[in-house]
């Protein structure tokens, strides 16, 4: 029996990059958080204190800012691809590079009903995210995942929870009318070579939101599959979509003890504990 | 010399209240965080272990939910007023009640270009807040403060920082073109008896945003006064407005060392440290 | 009626300073977060875009690091005093300077049962804080406040809540045995000219903790006064002490519905809502 | 091509459980955050709105509290095992159950130099964590992982960063003396059937800390492997250990521009961006 190093990886996290592009009719603002991770054979550094094969993470940071200067960073999937290509060349030991990008939404301020040229406010609607990973094998070796983070949505009705399994520890009453609230995290992959990333992202996001609205939800589980299927039905370029949906419980507050009827009107929003529902919907050859 | 209790107060914080009102053409959703604080003579409890004059904070929570059921909670200033009136009657020792309300913004989801009846997403644009305090002296004893929290805004140009005081420890270069970003916290009071709170709040918020946009900012300090003055000029019902404006520094990233010119294009957003600029603008009889 | 600027102040927040002092028998580590705030007549900047009287907040940051180099930063009350003296000289308009310091606790790692010379781990027990403010009037114009933040304590018994006021919305049962948990925030001032700040701080902290332990708590309110009185009784140099004590509710979990008895054994810890109890205990000439 | 559900799982997160055990010489306090996740065939619920195979996550919460009542929860690995066994029986579709437990450290308060019977303060030193997963295949189907979270450590010297790869974007100077600070996250597995979990956990933790201290660190990568090898050398029952080590950068503050020498004395602690170093050390048959 010997002792071995079986997995290594390192990188830079939380690189906060803002790019301003001055166009004729106004400024374009992009606000990203970028993470870089390299995997490969770094045993000389880990085991023998030989750093000659290690790109320092400060250099990764500089490269992110410099490459953001040299080329457009929009769409983020393409910027991620350029970063991956760059980092795959960053030392002999690197076998895989991965870049995570999260884009924070801004909306133009309106003055006199018209959008301002260079003033913005933070918008709602969640972050656009992309993960690009590559192993140096060219186009075939590149994986691109798009997604949404932190998209908080809520329905005041059209949701219930009935007919579930009961055992010794079940106390929850059934209901056919409750608040359904979740913070959507979604990740999806594309199947084609030529994707219009921004148009596709917007369409997937809108399809998710419309599917969230368009049905009675008998469970978060059902709504998850319903949203995933809606995306695959509407967008042939999407191969697979995964969701992570916390159930942000809104508890009907007990007002009967004070002589008041509470017909799905007054709720206590809670942060913890919360249910967490996950699932993947994808195309199958079958 | 003796030892005395010189100040007492207690209450309930972070009461999370959601109210759904079912109207003919759709549901109305209100999402509040409420805090209650009572001040007065509670010495018997603090010193002598006599709790007979203390309303338990759990009762405060119940009262917030119950009063939200019995009456509208919109506008939050009026709901705060009702809560203050209620709590002023909560025990002989109470001499002052204070209620802090923060309303979290939601926007209707759009399906097929039309707003949905009961589905929402968390919106941007900051929380609407109100603080109401009263001492039992009727209308004259009530103070109402309205405000905004967590309104993140940014200008990509139209801001500089020049001509400042220099001493032994000054190293910052002057600039006539920088990113200006801040998270607006504002609090204001009204001078009239009959305020349309929601219309006034919207108008103040829009005036602040337009003033943020409409000038070259030589300093956060100047912009603070400029926004405050704009509000008082435009809204005669506002008596006084205070701002707390963190300077969310965006540092021009040094790319020259890599042979790249960076003409206000690539920035590093930073969280700490940050400048913090405060000030109050108000009407004066003079 | 005219519109006036009635209050101004600005400064730098979240300056993260670590100082290492190499002594014969090991390194000394100090880890501070510092905030600076200046008040005064800055109207020229706020109103007229004249920055000549403004020290830039970046200079404040540099000064904090530079003064930390030139002199000891221990105790933090004395370091705060030096910073206040420095900033009172920072421009003609400054009438008051305030410095807030929070010191984050580290403990030496132990190797073979002995403390290591230069390796540390983050310790529990809360942050030591100090606020120093001055108006340029020499010793008489200086206010020093010491304190503790973020000191989480809990008693598994020896606490109850009975005999409180009941009204229409009261539902909480009385109990003579509950968990009492709070995160102690305390601030106190000294009355003498020559205080051994570190020894005094340690003694006050230990007195608070022992007083937390040594009695049956009929309410958080009583425990607050009890701890404050214990400090004033034990430490003649303390003039006044204030506490802010969130009641971190631990709810007895209802297991009877599952046929299990729960005699103060199984609790659900909750974050929100929480009670918040405040009070000041001080010496009086009477 | 058809559209299929390819992965499902759901559970309850952030269950906050506190257990008090009254022993002859004092109370024992355990403070846990528990997460439960079930995987299996839940297609009927996701696709067909048939909830009959779903245990509601509220029942999971109840079960965690109830099982904590019926049996000891110490060590957390054994409590996790009991929970997994329980949840594997929770419905026909369940093929795998996973329980994550994080134990928050408390230390007894000392009064008069002696530990108190029932009063505690939050301690430093990180959370003890355990993950237990099972697929219903008996002992062979159970995986137990122990670990540490949130253990913040720092060396003021004995660390450098030299000889690394340089490219076009490398600007970082080399150093043979810097602050090394990280927040240790570690996970390890055992190879034997009869582990004394608590004794083993304490020994692994102490070995990690001593290894952090006992060498000159030429890189976080080297220190990672060094700590992992030390654990495997010292503890034959440990089969594999993984680390995730953020490099909490402490930047030497530039004081030379103010005429001051800064010989590794004054540092700016930073939160972002940060390096992130990962790796696994394990036994190999070779």
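The letters A, B, C and D name the chains in turn, as written, and every chain counts its residues from 1.
The rule we apply is simple: a contact is a pair of C-beta atoms (placed from the backbone, for glycine too) under 8 Å apart; a residue touches a chain by one contact, two chains touch by 3 or more.
Remember, predicted model here, so these are calculated numbers, not experimental data.
S.K.: Between subunit C and subunit D, which partner chains are common?
M.R.: In this structure, the chains that contact subunit D and also subunit C are A, B.
S.K.: Which neighbours do subunit B and subunit C have in common?
M.R.: Touching subunit B as well as subunit C, we find A, D.
S.K.: What chain is the most remote from subunit C, judged by the mean position of CA atoms in each chain?
M.R.: A
S.K.: Could you let me know which interface, A-D or B-D, is made of more C-beta pairs in contact?
M.R.: Counting C-beta pairs in contact for B-D and A-D gives the edge to A-D.
S.K.: Please tell me the distance, in whole Å, between the geometric centres of subunit B and subunit D computed from their C-alpha atoms.
M.R.: Roughly 38 Å separates the two chain centres.
S.K.: Express in whole angstrom the distance between the two chain centres, defined as the mean CA positions of subunit A and subunit B.
M.R.: Distance between chain centres, rounded to whole Å: 30 Å.
S.K.: At what distance in angstrom does the C-alpha mean of subunit D lie from that of subunit A?
M.R.: 24
S.K.: Give the residues of subunit C that touch two or more other chains, as numbers and ranges in rising order.
M.R.: 16, 62, 66, 169, 171, 258, 271-272
S.K.: Spell out the part of subunit C that touches subunit B in their complex, as residue ranges.
M.R.: Residue positions touching the partner: 1-16, 35, 37, 42, 45-47, 49-59, 61-63, 66, 90-91, 161-167, 169-172, 218-222, 224-225, 228-229, 232-233, 240, 242, 246-247, 271-286.
S.K.: Enumerate the contact residues on subunit A facing subunit C in the complex.
M.R.: Subunit A reaches subunit C through residues 168-169, 171, 257-258, 271-272.
S.K.: Which of the residues in subunit A come into contact with subunit B in the complex?
M.R.: 16-22, 27, 29, 31, 62, 65-66, 68-70, 105-107, 109, 111-112, 116, 118-125, 151-158, 179, 209-210, 212-214, 250, 253, 255, 258, 260, 262, 264-270
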